[in-house]
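As structure tokens, here come the structures.
Look for chain A in each of the two complexes below; its partner is chain B in the first and chain C in the second.
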Partner chain A sequence: MIEQDLKALEEKSIYIIREAKLKFKNIAALWSMGKDSTTMLALARKAFLGKIPFPVIHIDNGIDFPETYKFRQDLAKKWNFKVIVGYSEIKPDLVGSACCGKNKPETLKKIMKEYGFDALIVSIRRDEHGIRAKERYMSPRDEQFRWNYKNQPAELWDDYSSKMEVKGHVRVHPLLDWNEIDVWNYIKQEHIPVNPLYFSRNGYRYRSLGCTHCTIPLKSNAKNVDDIIKELQTTKVEERSGRSMDKEREYVMARLRSLGYM
Partner chain B sequence: MKVINIALLGHKDHGKSTLIGSLLMRTGAATKVRMQEAETYSKKLHKRFEPAFILDSFSEERENEMTIDTTRAEIKHKDLAFALIDVPGHEELIKNMISGASYGEIALLLVSAKKGEGIKDQTKRHLFIARMLGINKLIVAVNKMDLAGYSKETFDNIKKGLMTFIEKIGFSKENVNFVPISAYKGENLVKKSSNMKWYKGNALLEALYANAKSEEEKKEGPLRIIVQGALDAENKLVAGKIVSGSLKTGEKLVFEPIGEEAIAKDITVKGKKVKNAEVGENVALALSNKINSELRGTVISSINDKPRITDSLKSLIFVTGKIGNKLMIKFNGIDIGCKWIKISNVLNTVTGEKEKSTKPRFLEAVNAEILISRKIPVENYDVTRELGRFILYSGGAFCGIGIVNAI
Partner chain C sequence: MLNFYVVNMAVKKISEMADTLWKEPSRANWKKFDAALKKSGIKYYSVKFEDGKLNKKSDLLRSYVELFDSKKKFVAKVPVFEREGKKIEGATINLIGLSILNKVE
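== the complex of A and B ==
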């Protein structure tokens, strides 16, 4: 896995996060309490001199891990930011990608409408999946949350898409250039708190965190951040191989993303 | 590890995505899952294994064997990483091609050596765009050599056929290399191929590396900070990016075009207070006094070396759509209306020749002057890129990119 220059990544992300805040009227960020969206919050604190000047949204279906809930509570208190919790119902007839593609976006839609957010920071990375690699830094979604991936707006230089082409909202992706190992190198460098589920217990750890129904731990003895970095330097296992939804069909992510999956 | 952005260029089906996929495989950068997935899909479409599917992830891209939108993937070689930016080759997808190419530092052009393929209009047009965007370094990979009998003559003909155009649009010879390859078979990519012993140069990766390492002289320009906006309610704490020069605390600054002045009392970079800030850094400046006008889109400079303020943009514009009514430009994060555009001539992007016509055409360039509705700080693109480029919209639709070449 290629380890990129952290300083360059950091500058670009700070620029994008500031653009999001200063360009749009009313923004929020999605926070899953995973490593990527937590790193994004750490970058936002740098961009805004220690404060996080927007609310963060957690779409909670009630089946996240207990460690995840505790992490949410502790970090929100420590870094002093506002959390909006959107409760999403688990319907027994919707499983796997159908669940992620429907339940969570429906809840998010309600929140976006209720608060009138015009942009949403989402901490996806290109190296996670081929479909995510096709995203823009700023990517419009229509009112139904659909991603018109066959006709994305031009995005040149550092002049990111303005809202003039869309009626819905804009997804902002400040971590798009980062690789998984860059995130961990940055967590190490900046001492960013992370969810303990990433560390090995009884020979297993979570590499990518979803809710309890769709996430399985992978074999690993990495007990701390240094171990994880070492593991990633040599591993051939895909980051999201513990996420069941990615495997159902080759391009299921495209469908999910066009439906508004986070 | 330092990352160099490489913009792929070339006509459709000349092998851009295949080359990136093949490089990812052969340098060990493609994960097993991505490879398996590309393999499964190739089988599903009853095709031989297609490395392009590692990049082309939309089902529409795979089924139609074409890249729709730009993406990028990294490989490493020695102490450098290359971010390979894939772009679509189809003419109608030029918007996505430019979006990807705008991030390129080195251009990697693909020309197919296969009979009947060769140098196409789009081959030259992509070169024109890269040069217009300010890319100085170029590698031409002559692809599909395996389908051209590994012929030195074919390679030489393509080289000869392109070199005149390459020099005409302003690349200098010493920054251009030609490499004969087979992207699909992996020949002359990572290792030299035994099928082309007549070729004495580097394999592609090494050629890219040598090209990336030949540093261009960096000129130390005057201070320019593009202001993103105020971080506080009083307009005393300002966020921006240094695009030229450097800054120290206590320096007296001016905001253009509004002309208001202030002293930088504190400078914060990445959450830490510093005495000096350099080009490329995003700063937060605590000012000695508040600024009374809107800050977004203003440019900070030292009071002794200010950028020029103008409402007239003499530019080269690459046309990507219909230039009609309701013209506006996007310039450093702000939208500005245009009063008129006067086109002096069309510049043919395939021949590199000026035409008498003043009627803009899709995929050609024009030399033009635009009068915008208010004055802004502007510099020539080759002086300060960020202050000399804009995106043109007509009736809300993307219709061109412009670089300012005379102020």
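== the complex of A and C ==
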């Protein structure tokens, strides 16, 4: 796994977060309590002198890990930011990819409408999945959250478009260039708190976190951040191999993202 | 001896409350369970699926959480959801404070 220059990544991400705050009237960030979105919050704190100047949204289907809920409570208190929790009901025959693909975006749509957000910071990375590699730093979505990846504004010379051709919102992706190992190196450098599920217990750890029902732990003895970095330097296992939805048909993630999945 | 008795009583209470939750996983019953859980000495949990499958809603509603004490001894199993009328919501937030067991089968 290629390790990049953290200073350059940090500067670009902070620039994108500041640009987004400046260009949009009402912005929010999505937080899954995973390593990426928590790193994004740490970057936002750095960008705005220790404060997170926008609300943070958690789409909660009620079956997240208890450790994840505890982490949400503790970090929101420690860093003093506002968390908007959108409760997603368990609907008939919607589990796995259908649960994330329909239930969660529906709940997010309600929140976006209720609060009138025009931009949403999402902590996806290009190296996570092929379809995420097609994203821009600022990527428009229509009112139904649909993403037309064939028609996205060009982003030349760090000039990011905030204009929308249709009514909807813009997804802002400040971590697009980061690799998994960059995130862990940055967590180590900045002493960012992380969900304890990432660390090995009984020979297993979670490498990518979802809810209790779609995430399985992988074999690992990495008990702290240093161990995780060492593991990532040599591993050949994919990051999201413990996430059930990615294992389904190849086009599932492409379909989910086009429908508004985070 | 007294300590053993107190722990046994707490475990018995959790088992009884787990039975109540299976019969009626209402918000009120989950609140009572949450309060009892904090005093029970239960440390670990593990999410399980009936027949090891999760393909449809009925599988989700039949999945459960196993609870274990500090010595990793099985104590009880509880549902993963709460039901208020026709509305079904996940309820794992009520297990805050427990650690995942990651028990290898």
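Going forward, the second predicted complex is superposed on the first by the 259 of 262 C-alpha atoms of A that agree within 3 Å, B and C clash if a C-alpha of one lies under 4 Å from a C-alpha of the other, contacts with A are read in each partner's own complex, and residues count from 1 in each chain.
Convention: a contact is a pair of C-beta atoms (placed from the backbone, for glycine too) under 8 Å apart; a residue touches a chain by one contact, two chains touch by 3 or more.
Bear in mind the structure is a predicted one, so any value in this text is a computation, not a measurement.
Engineer: Following the superposition defined at the top, how do chain B and chain C come out on chain A, clash or fit?
Structural biologist: fit
Engineer: Counting touched residues of chain A, say whether chain B or chain C comes out ahead.
Structural biologist: Of chain B and chain C, B contacts more residues of chain A.
Engineer: Touch check for A:55: first (chain B), second (chain C), both, or neither?
Structural biologist: In the superposed model, A:55 contacts neither chain B nor chain C.
Engineer: Just checking: does A:67 make contact with chain B only, chain C only, both, or neither of them? Give me first, second, both or neither.
Structural biologist: A:67 contacts chain C only, not chain B.
Engineer: Name the contact category of A:19: first (chain B only), second (chain C only), both, or neither.
Structural biologist: first
Engineer: I'd like to know which partner A:10 touches here: chain B for first, chain C for second, both or neither.
Structural biologist: The answer is first: A:10 touches chain B but not chain C.
Engineer: In the superposed model, how near does chain B get to chain C, counting Cα atoms only, in Å?
Structural biologist: It comes out at 23 Å between the closest C-alpha atoms.
Engineer: Which of the residues in chain B come into contact with chain A in the complex?
Structural biologist: Within the complex, chain B contacts chain A at residues 1-3, 29, 31-34, 37, 40-41, 54-55, 57-60, 68-76, 81, 95-96, 98-99, 102-103, 228-229, 231, 237, 239, 241, 268, 270-271, 280-282, 284, 296, 320, 330-333, 335, 385-386, 389, 391, 393, 396, 398, 401.
Engineer: Under the stated contact criterion, what part of chain C meets chain A in this complex?
Structural biologist: 45, 47, 49, 54-57, 59-60, 63, 80-82, 87-93, 95-104
Engineer: Spell out the part of chain A that touches chain C in their complex, as residue ranges.
Structural biologist: 60-67, 69-70, 73, 87, 89-96, 196-197, 201-204, 211-213, 217, 244
Engineer: Given the complex with chain B, which residues does chain A contribute to the contact?
Structural biologist: Residues of chain A touching chain B: 2-5, 8, 10-11, 14-15, 18-19, 21-23, 45-50, 126, 129-131, 133-134, 136, 149-150, 152-159, 162, 164-165, 179, 236-238, 241, 250-251, 253-254.
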